[in-house]
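Each structure below is given as structure tokens.
What follows is chain A paired twice: with chain B in the first complex and chain C in the second.
Coming up: the complex of A and B.
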């Protein structure tokens, strides 16, 4: 009987010799076997269930945006490192990473990753991985998911209380690259005030299956789409018909400005694809612009 | 050596004007540091969650007033000036220490009086700037308050409602709520702007020892309620010199209550309410 309290269920991600425990606030693991009933003429009931596809799983979790980690010299959390690496990779073949929670583990491929920043609040992130299985490294790791519920101690931390200096915070994060500046119809320049922003990237991947085995031979990343939503008080009614590709460097700062550490994400050649405006009772008019990029 | 600080060593100065007639001052803040919780937690860490603000409460007897028209103020009660959109800063002196605060906005203003009392005002304010013993800004020395006594009195006030010709008013209160909408942006702890919200809600409450007062039929309220113009004028004690005037148009009767008891006179309380658009 496995009854494991949350304090023993750290979410850990391992890749290329680096293991990082994320400050996850929730985690969900799904596992599906695609069995379908078989019907034939002359028989009212089904003949039984047969596999109509491979077993696949997925894991998703939200976590506090830790930014003082370092993965192979790249500052920030390991998820951000993975997303950046995949986004900018030249080749398509992905190796996957080991993802563990509560004793269940799998060799996962990053499906999506995102974070947000809003004034006077701790930034939170989210990530999801797909599990396809079928890899020989580590040896025997062929099923999408394995393990049973067991508690485990995280590999970081102590019992002393401390101010969280390694967590991105809206108090010190400006995301100045997202400020909207408008100069038309008159020359008076107007620069927007940024109230909140969220970033997300999703990856499409293509597991390659061969006859004679359930799990894929390899998994390819095919494309990535990136999106930023920024909440401001300036409305750009002069939205470009053809788009205006711009790089948007996002710098997330922590509570401790002396830590000299921050996490960076750069959207390459992003284009604004939408502008909306809304207002409600007892609030100012707020606008939202949506910027996307594709890789 | 342990000491104590008594009222003679305490004072508050707002926008370089000393406040007199102060009965009580209180200010407080609560840190917004909250523990971070996560799966597999092994360490308690704290991080700010939400905007840091503080609050200030001030109760004063209306014994001293600003010189009429002085410093650009229209009302004679200093705190009443801050029901608009301007903030105030101040210093609270206690003993040899000073407590500074900046960017305070009035949220509620009340004035009340009962028989036998000096009218008093009560205010609550929210502090969006700083609060503490540090020096946050360039401060001029706190001026001494030159104003002489201008004591308002229950015995020399005027209220213009008809009921009071035959029913004895025993107390009144005027409560003004001024909503504030702070606008926070990324990268800053204090709001970039504090919008003076609208509408301002005004409640006027009266208590009467009654003679021929007629309670309205509750089913006629509010359709057949007569909207009232209400004016309360506070004058200098034993004189006809007007010190403060509270005047509101088209107030709606929103509640009435009746009390009778073996040891008391029959009494009525009623509330009038109006909203003022900025």
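Coming up: the complex of A and C.
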């Protein structure tokens, strides 16, 4: 049975005994080997294709930014929990998490994660994982990806009401830490109005391969790069040359004022690296500042 | 007229080599002849005979033909069989000698070797293009199927990440008076070394070296060993390196200078007994 409708293809992430079904709106799984044609001198055409690298896969999906979940006591969705854990990790080797969609599964390493927030709109997130394989425990994950297309019952169907108010929304999400404050010697203080913001973080993983086997010996986590783009109405012409490292706590709220939880992300020692200004017909002057941090 | 790589076959001892690249180079030993009080001269004089080299990279498909020359070439009794003739696109030489050879061992990669054949005469012939289709039943060995075994006097190595097997030989022409091509060839020392990235960071390296042996067995997809590269000698260098964003790489180099006769035996170190 390969004809599976989208309502039977939940994206599920499992880590350390916690399993969460994400409110994904799309999902793409790629699987590639590394076959290269071989050409030799004096012969027209290829000798054939040979492996020049291992098989690797990846999965990427967009999902609604759910904030009422909880993973090991931390509010928010499991992707946010993983991203926070990895970026603050002082360990070198990554353990990976189980990612499933439509019957295809693999042991993946978080490559990137991001979300957006804008006025009067539902926040959406995105994530991608890389699959390298090489896991004997649990069994069945020696290869990067396995399984065949099969449908499964959606696990969020009975909790629709809770889901609707458990998604981050721009109505009450202020992201006040991103407001630009301009203080000039001869003018009053001016604080920017924030219209929208995009957050993203990407992780560098380094699978180590050895002779005599296709899959990696281990996969190292090396570094992370975090970025925020904030859309405002003030332009910081006094952009610092040396940077001004600041922590930026981001708090995502839902439309339910009675919600007991919100989701937090804190950029540590972020520095503004860019400021841009643009204006078009029938619109106000909008500015964008870019803040980055590295871990 | 220009030709492509498809038109330039490489033959060594009349065997076609599945080469991914090749180059043939020729050089004289000319130097300017100055007389006293001269700062300029039109005269160039030869100080030695013509020398040439054929260098090529190729894929290993089974038992490697050129590896036989490591132990056979230049050994007593000397025979003409250890000479190599070459023909690259129609340019040929009749008698050359393997002076360097290396094989790269890289994870998940086809096994590739590099060889250099030195010869001491000019190349004959003219470039003659060939037109032929690639063979369809060639199997190129891949390092995914390889096994690596190590024997060490001290320490243990669990994982072999990547490495290189190298061979080099000194080959010198012997000229007689009034002749521009050598009448004989003098073979000097031959050395094999293997350089491997391993997983046991340690700084132990005695002044006399540390006996070790590494064997790399190349296998086909049916796990049948088709070729082996063995270096049994002493560890003469270690290297520990890393860079930001990368992992710690420990590399050892084993050198072997005796390529004939009994193989050195790796034995355990006799413990120091205190009374």
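Here is the rule we go by: the second predicted complex is superposed on the first by the 283 of 295 C-alpha atoms of A that agree within 3 Å, B and C clash if a C-alpha of one lies under 4 Å from a C-alpha of the other, contacts with A are read in each partner's own complex, and residues count from 1 in each chain.
In this text, a residue touches a chain if its C-beta (ideal position, glycine included) is under 8 Å from a C-beta of that chain, and two chains touch if they have at least 3 such contacts.
For clarity, every value in this text was computed on a predicted model and none was experimentally measured.
Q: After the chain A overlay, clash or fit between chain B and chain C?
A: In the arrangement built by aligning on chain A, the partners chain C and chain B fit side by side.
Q: In the overlay, work out which of chain B or chain C sits against more residues of chain A.
A: With both complexes superposed on chain A, more residues of chain A are touched by B.
Q: Contact-wise, after the overlay, does A:187 reach chain B, chain C, both or neither (first, second, both, neither)?
A: Once the two structures are laid over each other on A, A:187 reaches no partner at all.
Q: Given Cα centres, how many degrees, to the nearest 10, is the angle at chain A formed with chain B and chain C?
A: So the C-alpha centres give an angle of 140 degrees.
Q: Contact-wise, after the overlay, does A:46 reach chain B, chain C, both or neither (first, second, both, neither)?
A: second
Q: Is A:283 in contact with chain B, with chain C, with both, or with neither (first, second, both, neither)?
A: Only chain B; A:283 stays clear of chain C.
Q: After the superposition on A, what does A:214 contact: first (chain B), second (chain C), both or neither?
A: Once the two structures are laid over each other on A, A:214 reaches chain C alone.
Q: Look at A:90 in the shared chain and tell me whether it touches chain B only, chain C only, both, or neither; answer first, second, both or neither.
A: neither
Q: With the two structures placed on a shared chain A, what shortest C-alpha distance in Å links chain B and chain C?
A: The answer is 36 Å, the least C-alpha separation in the overlay.
Q: In their shared complex, at which residues does chain A touch chain C?
A: On the chain A side, the touching residues are 34, 38-48, 50-54, 92, 204, 206, 208-214, 217, 220, 222-223.
Q: Would you mind writing out the residues of chain B in touch with chain A in their complex?
A: Contacts found on chain B: 32-33, 36-52, 179, 181, 183-189, 192, 195, 197.
Q: Under the touch definition given earlier, write down the residues of chain A that touch chain B in their complex.
A: Answer in residue numbers: 6-11, 21-27, 61, 63-64, 101, 117-122, 152-154, 156-164, 167, 169-176, 193-197, 255, 282-284.
Q: State the interface residues of chain C toward chain A in the complex, per the touch definition above.
A: 5-10, 16-22, 58-59, 89, 105-110, 130-136, 138, 140, 142-148, 159-163, 216, 245-247
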